[in-house]
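Take a look at the structures below.
Consider the two complexes below, in which chain A is the common component and chain B and chain C are the respective partners.
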Partner chain A sequence: MILIGERINGMFKDIGKAVREHDPKPLQEWAVKQKEGGAHYLDVNTGPNSEDQTVDLPWMVKTVMEVSDLPLAIDTTDYDAMEAALIAYGKPGALINSIGCEQEKIDRVFPMAAKYQADVVCLCISKSGIPKSAEERVALAMEFVANAEVYGLQPDNLFIDPIILPVNVAQEHAVEALETIRQIKLLSNPAPLTTIGLSNVSQKTPHRPLLNRTFAVMAMTAGLDSAILDANDDMMVDAIASARVILNKDIYCDSYAKVFRQR
Partner chain B sequence: MALTGLDIFKQLPKTNCKDCGSPTCLAFAMAMANGKASLDMCPHATEAAKENLGAATAPPVRTVKVGVGEQEIVMGDETVLFRHDKTFYHPTAIAIQIPDTLSGAELDAKIEKVNGLVMDRVGQKIAIDMVAIVNASGDAATFKAAVEAVAAKANFALLLAADVAGLEAAVPAVAAKKPLLHAATAENWEKVVALAKANNCPVVVKGNGLDDTAALVEKVAAQYKELVIDFGNTQQAKTLAEMVNARRLAIKKKFRPFGYPMLACTIATDAKEEIVEAATYVAKYASIVCMKVDEKPLLLPLMAWRMNIYTDPQKPMTVESKNVYEIGAVGPDSPVYVCTNFALTYFAVEGEVVASKIPGYIVAVDTDGASVLTAWAAGKFVAEPIAEFVKNIGIMDKVNHNTIVIPGYVAIISGKLKEKSGYEVVVGPQEAAGIPAFAKARYPHLMK
Partner chain C sequence: MATNMLKEKYSGKINTVTLGATKEQGGTRTSTVTVGGESTMPFLQFEGDMPLKPVVAMEIQDINPGWHPVLNQVYAEVMDCPVAWAKKCVEFGADMIYLKLAGAHPDNGDKSPEDCAKIVKDVLAAVGVPLIVVGCGEDEKDNAVLPVVAEAAAGENLLIGCAKQDNYKSVAAAAMVHKHKVLAASPLDINICKQLNILISELGLAADNVLIDPSTAALGYGIEYTYSILERGRLGALSGDKMLSQPVICQVGYEAWRAKEAVATEEDFPNWGNQADRAILWEAMTATGLLQGGAHVMVLRHPEAVRLVKKNAEELMVKAEI
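Let's turn to the complex of A and B:
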């Protein structure tokens, strides 16, 4: 299970301020802290208040790389800023986060992914919005896989996100998202990877951590490979480590929860 | 690995006509990948699609049989690359070569020796499986005579290794024994395969490395599918890599040309090195290893290795419960230890009894391979069955005392066991590691 730490995002006040002032400290502190929590990737997002993402995003990438060797998930829908950030990143293995299932986005981003040897988070959203049924979501996933072939990417360069919505207002979506994950793993060989914006499931609900980690375990059972989440939610990371052991993905030892964080 | 949605989707007509009952061809493909639909529900699927998908749902490695009756060897039908993922099913057949340059008394002596390559190990019979008659003379009539002589006397399935003329002369005479023919090559495959087909015998396709062999198998398989693959062993390391790659492609990628059992002929000239080479092929997917060594002491470790590799890791390993195990130079004073027949339990106890330097008897109660506590919880390692087992095995007639030692973890059964059996029941240490200290304290006079 690949954990993508969500915290270096300008939506959070401390990061938003740091991005405006180009103050490296909060970014670097969160980079270290999220790795300690168990993150395998760090998501970087300027937030809505950036005046010029093509400047701010590469700055964020370089700032985080000064203290962390974790791969970065570069989070923007401004693909010029994305390219600038990929150039600043300067090595293979970044994660482009994200694109929806629209041909012009695919045509813009997949060649970029191939060029910079980056993987891509692909959202099961089309122009007509978020499909409800698993079947429609899988059809979008298939679009991504078919296009990957065209642009010389492998199916497992894709992190397909079936999209999860808050259970308090869109309760019927969660079970469809789980079914989508299960079916995506049957789509091709090698299968695409799957990911999810985990905290979405609990927007504006009480007991958010409980919903988040319960859904994480259920999604892992369906075949989830990664998630964008709060890597410092210890109960969450413990639940994920436990699920890994129960699914026979990691060899059991008494200190499995600690070992999971050290990798 | 099952078919993926994409594999199936590529074979569908992409009409989205809904005649199958699914809203789109993609939905139908996913339903098939999920095992919820079958291709015959689509009225527009082409013959080619049916054949491709049919082939893709076939087992990754074809089952091929050599020999008849008790000599029959089943090869192939394997599904995993690592035995711990499930198990390996069909143990590698060991074939011993006999050159056709031998004749008369020499040949008879050789056949008798090869027939004798049968041994007992841990209560099981282990043996070679095949005799390979090799056309070393280059003469077809000599080969035919040798094959007939061997077929009349040998106790094992036959492998006939010769050129076209040799095979054409010898095969019809022994076709009823369903021998394996070696080999169809790029030069002669049409004739050899026609012969195999006419006589209903499996045939080895021998190429030169991965690409060449795959191309040859593809040609042959269009006509005949009772095949075994030989990559034409010229270097051990290369052959190992080829067999690993071929089996990976067959299982992971459903690559049909490698979906057959594999044969390797050893090339080492030193007998001991040949055993090591053969052991490598046994561990790495060979269905047949064809070799020259015919000495029991050399073959026994190879056969033991094969036995170990092909045991089912999901079933507990057990030791034979029929015997009383005598550890060291036992005498009538020696202690009697009681444990279960789970191999891990038994060998832990055995190792510690050896380490105690006090000779002792071990009785391995038949618990269907369960450990002490598991068997106790299941009612298989409690007073009555233990009392009965110890009595029936007759160990107490061999000693001049009336005491048995039981594992410390089942101390709770000691009273009832004493009552049921009439023996003095001594509670030993909880862990086998405590046996040396226990034995030294209790039997100092028996120390060697």
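Let's turn to the complex of A and C:
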């Protein structure tokens, strides 16, 4: 299970301020802290108040790389800023986060992924919005897989996100998202990877950590490969480590939860 | 239609571990042994690296163990003298000497730690290959003996053991202080094997100072349990599990020479054929089977089994054209 640490995001006050002032400290502290928590990737996002993402995002990438060798998930829908950030990243293995299922976005981003040897988070959203049923979501996933081949990407360069909505207002979506994950794993060989913006499931509910980790375990059972989440939520990381053991993905030992964080 | 070779890609690899130290490295060995480093399943060199071939350690003991007549015959002249015995094994092609300090056992002579250390020093002086030194198996005594041995042989980069789940601190600490490697033994249980490696690393001894002894079963007596544990551990290591990435030792000689099929006479079991041939093959077959599971060091007894296993390992190391 690949954990993408969500914390270096300008939506959080401390990071937003740091991005505006180009103050490296908060970013670097969170980079170290999230790795200690168990993160395998670090998401970087300027937040909504960046005046020029093509400047701020590459700065964020370089700032985080000074203290961390974890791969980065570069989080923006401004694809010029994305390309600038990929150039700043300067090595293979970044994660482009993200694109929706629209041909012009695919045509812009997939060649970029191939050029910079990056993987791509692909959201099961079309121009007409978020589909309700698993079938419609899987149809979008198939579009991504078919396009990957056209642009010389492998299916497992894709992290397909079925999209999860808050369970208090869109309760019927969660089970469709789980079914989508199951079916995505059958689309090709090698199968695409799956990911999810985990914290969405609990937006504006009073039970966020409990809902988040319950859904994480359910989604892993359905075949989830990765999630964007709070890597410092220890109960969450413990639940994920436990699920990996129960699914026989990691070999059990008494200290399994600790070992999972060290990987 | 063109055929595409299916090649698995792994993210992890087996640790590379060197045993023994030459003069330049602070020891007195004339040769060292390096094992591990694989990034693929055993011998599948078409999809990954297998840079080093498996090696053979030959077992000797500090007191005459009174082995099976077929073995006693080979070692008759030397079994009462570990120094002469070690030299003989090197002549037979041993890459390493495995010295069991059986005479330290309270029921077996109860040698003092200092006497044990002297034997180790004598063997070190007699041969140039790296040494594996294990205690008598009685925890309390081994905890007294192994630190003294470790200190006396400081600089030689021994492999000392055995560390066990309920008794690992003393030997691991001795190895850490005097810069030796530790043999971590678990009872055919991959969960305990992994946990023991974690416990040792939590003491501060880095993971690449450890070799795994998963406990070996002989052909016909549960070898498949050992084999499947080896395979599972190897797959774990290749998928990035650092606490299963240690190279593996199999104590084949001890187990194989306990099997009824190795020791029963032809007189008693005429259908089983010549006993000496059968015993040697029992040992060699156990070892070659476990080579396929990914073992790195085979601890053997009979020189003919050593020859057969080394030949097999050499042939398996030839890179196939694929």
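To be clear about the criterion, the second predicted complex is superposed on the first by the 263 of 263 C-alpha atoms of A that agree within 3 Å, B and C clash if a C-alpha of one lies under 4 Å from a C-alpha of the other, contacts with A are read in each partner's own complex, and residues count from 1 in each chain.
Please note the rule applied: a residue touches a chain if its C-beta (ideal position, glycine included) is under 8 Å from a C-beta of that chain, and two chains touch if they have at least 3 such contacts.
Bear in mind the structure is a predicted one, so any value in this text is a computation, not a measurement.
Asker: Counting only touches as set out at the top, which of chain B and chain C does A:A139 meet: first, second, both, neither?
Answerer: first
Asker: Touch test for A:Q262: chain B only (first), chain C only (second), both, or neither?
Answerer: A:Q262: touches chain C, not chain B.
Asker: Pick one for A:D250: touches chain B only (first), chain C only (second), both, or neither.
Answerer: Second partner only.
Asker: Can A:V55 be said to touch chain B (first), chain C (second), both, or neither?
Answerer: neither
Asker: Contact residues on chain A for chain B in the complex?
Answerer: By the definition above, chain A touches chain B via 135, 138-139, 142, 145-146, 155, 183, 186-189, 191.
Asker: Where on chain A does chain C make contact in their complex?
Answerer: 250-255, 258-259, 262-263
Asker: Would you pull the chain B residues touching chain A in the complex into a rising list?
Answerer: Residues 1-2, 4-7, 9, 23-24, 26-27, 30, 33-34, 252-253 of chain B touch chain A in their complex.
Asker: Mind listing the chain C positions that touch chain A in their complex?
Answerer: Counting only chain C, the residues touching chain A are 190-192, 194-195, 198, 232-233, 236, 240-244.
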